[in-house]
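One chain, chain A, links the two complexes that follow: it is found with chain B in the first and with chain C in the second.
On to the complex of A and B.
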């Protein structure tokens, strides 16, 4: 192909022109990210280290660590952090417990139903989260359908108050909010498995539990870590679900940020709390990412 | 006795799988179906007993200025965000996958970071930023912040499409005498078209459904999720919210199935149609 006519090498472009094409394609998007993503993050970092007007700051920047120390040492916030950890972890475990078998069914058993089931999972995610939270609130309330139903069948003669405005309610709503992102990475990992390995395991005398534990789980571990990465961080920073179905016992760190920033107008401590949550997210992401990578190398 | 047990054991895994799928679907969609059902109940209390069929909550919702404004605001913001995200995201995806230059890693990292940082924190940061520089919050600030968190998603989806498809085809087109523009029109566009279509659907949904950023970066004009949130914070459940929510949910169901049918047609020409489709559907996983 090149033997016929080899075009003369184009003259080297002047230095300035080499930047023109990247600038044309990436100039506006990058400027937007710098001004409206990195900019706000840096401003928030500054505000988190600034003595606020509420604490006698003079308007100019006064470096202080009190915002962080106040937020970290507050016993109430520590309690909320524990609640947040419990709720997020319970919701994550519940989702994994459903997601692993569900992904298995979709990947290996569903046949022609595979695509429709995936489509419904995508639909579940596309539904407006506020509509979903509202729907649960309607079902779980004191006069809600679930309590009405239970009383009619005669399982209880008094409405169960703990259904709504409780940790249980938040866990349930969160678990149903992110299930799509838990299932799909695990499904992806399962699609990559050669189904013959299950037959080989069976031929070698492994029961279903041994096969699951020794063959399936190691192979889908990277997918599980991706799910953790995608889901656990939004779970522990969520604030709409606890605000609407959590009551006082389901109060989470996201609500603390909301109350600091919007209720008490304390931007400085709100910023400090946000930075702490950001650091926790980053640490978690790092660990999950490492684990996902290590596992991929082994398998 | 034996054949029956045998048959049962063979059928059981499939049956268990079916029950699991059915259970998940009931938990995911049951509540929304109930919500829709009770938007037609002739009672201001959302519970049994069933008092009879009515459409009065829909009439009330339609004449409720706040509700209508909120939905219209959300539609306007999501449309603007979708169009700008697709343009900026496709440009950036092309630049990041086809050009070599210094600072590429940094820009790619910045795009990725936006997708990982929780919306709550971006929302709070935006609020602090706008208050520090003295910009008052409005639909414009919501739109800007939505755009910033949404176009990196388009970058991710379209880049994945561009990486999947072989660059040698572009070079072949140029070697065969196509101009740069013809190459883009007849070689690249048909290949990444489905990715761009999927990306625009996700971009619209991300903006329309976004609560956290709208909540922290909005002024007096509310978007739909912010409106629902403020109603539910103030009062008990209201049938009017049921009615509006039902309309929104129905529209979203139609949109997802419509998009699916459209993409099915777009990807039919390729051999691996369903694989591509699955990839696109799941590509938006945040």
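On to the complex of A and C.
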């Protein structure tokens, strides 16, 4: 009778192990993240909210918002913010205009060239950003290939200065730098589509524009949102491209942070500016994420 | 003038080549108004390409497509008054059932109220009342099939083109949908052009069937004629069980050509074949009667052989019999109270009337 009431407790132990194992695997990277990511973030928060923290401890723990108000009320920064928004949005739109047709061709028309084109896109992204940017400078400069070519065929007899060190140059360089990350999520969304729906739309009387608007775009919307998350946010914060091809008119918020921290040594305002950009990015990411989820639920 | 009704769809000597290989080779077909017409054949026989040329998705290399008397060879699919039901339905996954069905009406700018009532009406015809707000993902395979039908039929096309529409359904549902399709076709009085590789499907529903192979129409006839009087060994093979013998004519007895290739084998066929000619003969398995060895009554055709295989198929039992020359014939017996108890290894005698010997080819056409 007793032996019947004592069940083997053995099955319990592996369950406990199973619960612990992922934690063990996650432990090391989590710890690293805490130290290397959260640590500096906390320091940055401290620096941004507490002017005294860097002055050898005098007047420390005097929480203040002056760093933020300084940055927000400065008309120069406001102007830069507008420029940044313009450049990032123009670059994003340009990429979408190229990426949607390109992804369509790769997904539905390329046949056996599908993989080579994808590989080429990935390779284009592997290129060192510095090399890529300098290549653009060679193309766009006063004595660059494009100006030389235009002068030789007589379209212009003066080199066009606006090609380099302008908003246009930054937009162009940024758009080409991120195109891989715009195309691939959209391509992924397209691969999930049964290509027959395009024929079905045509059969029911839809032309290419109606098919694009009412069938293709709604079906790839989740991919477009992922592209926005992956690309639009980094576009706002990029500072290498504007620094090298932007001149004074292509000056962006990333350059502001860079200059505040590395040039003027104003860590407080640099940190405040970073946090503002971080919060805005997070808000944008949240909106894009919600939109992508809503769309998935409906399809 | 002869008052021959203009067919709804007329294909005039259409061919389609992809590169060098002809996918469709000189096909001429007339499909009558309100007809249930099927194109039947193995994969790669050109049936789907033919259908796509009617739909306007492919342009014929040569030949003309006429729709209701009008040459539409160069009219794009968008502007042709035919609609298609795709193999995997190709429903728009981001739209509700009603939006799917209303897609074509919206593009044709049918007024909202009229569109709504036509959608309702069509959903009732395909028995999907009340499911208009659902998404395709929330429907079963059979229901999606009905949505695809409604989406095409709501536009009141001159003809509905169906590309293996039941291929993705299980057998029971497929049988149900066959009857359902026939009912919908009658209700809507629409010309149906149906592509399938499933002979049973084609025989069940069609008014006429074009059996295709190698890009050509092998035979175009009603189901009964195709089954009872196949023109070629391909048709005999493809529709029903293959059961063919190649025999040379030994002598003639009035209307009948008699073939006696060896002892215990006598096959007669009503054909104007000369002595010495070789004929391809096909016999339907259910037309042959089978008895244990030696007991056979003297029919026109009488063959001794050995049973090598016996399979229970539900309503019938199939016995495969090997003839002295090594050929094999399948025989179907109805599983009623009189079914024989033949086992593999038994000597048997097969017999059938000469009218069931079908000539499906000459001079060793195989």
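One rule holds in what follows: the second predicted complex is superposed on the first by the 268 of 299 C-alpha atoms of A that agree within 3 Å, B and C clash if a C-alpha of one lies under 4 Å from a C-alpha of the other, contacts with A are read in each partner's own complex, and residues count from 1 in each chain.
The rule we apply is simple: a contact is a pair of C-beta atoms (placed from the backbone, for glycine too) under 8 Å apart; a residue touches a chain by one contact, two chains touch by 3 or more.
As the structure is a computational prediction, the values presented were derived from the model and not from experiment.
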item: Clash-or-fit label for the pair chain B, chain C on chain A; value: fit
item: First (chain B), second (chain C), both or neither touched by A:199; value: second
item: Touching partner for A:215 - first (chain B), second (chain C), both, neither; value: second
item: When both partners are placed on the shared chain, which of chain B and chain C touches more of chain A; value: B
item: Chain B, chain C and vertex chain A (Cα centres) - angle in steps of 10°; value: 80
item: First (chain B), second (chain C), both or neither touched by A:30; value: first
item: First, second, both or neither for A:102, with chain B first and chain C second; value: first
item: Which of chain B and chain C A:207 touches, first, second, both or neither; value: second
item: Nearest Cα pair across chain B and chain C, whole Å; value: 8
item: Footprint of chain A on chain B - complex, ascending; value: 13-14, 17, 20-21, 24-25, 27-29, 31-32, 34-35, 38, 45-48, 88-89, 91-92, 94-96, 99, 101, 104, 107, 110-111, 113-114, 116-122, 124-129, 131-132, 144-145, 147-149, 151-152, 155, 175, 205, 208-209, 211-212, 216, 224-225, 228-229, 232-233, 237, 241-242, 245, 248-249, 252-253, 255-257, 260, 274, 277-278, 281-282, 284-286
item: List of chain A residues in touch with chain C within their complex; value: 194, 196-197, 199-207, 210, 214-215, 218-219, 298-299
item: Chain B-touching residues of chain A, taken from the complex the two chains share; value: 1, 18-19, 21-22, 24-26, 28-30, 32-34, 36-41, 43-44, 47, 98, 101-102, 105-106, 109-110, 113-115, 117-120, 122-124, 126-139, 141, 143-145, 148, 152, 176, 179-181, 184-185, 187-188, 230, 233-234, 237-240, 243-244, 254, 257, 261-262, 267, 270-271, 274, 277-278, 281, 285
item: Footprint of chain A on chain C - complex, ascending; value: 55, 57, 76-79, 83-84, 86-88, 90-94, 103-104, 107-108, 135, 137, 151-152, 155
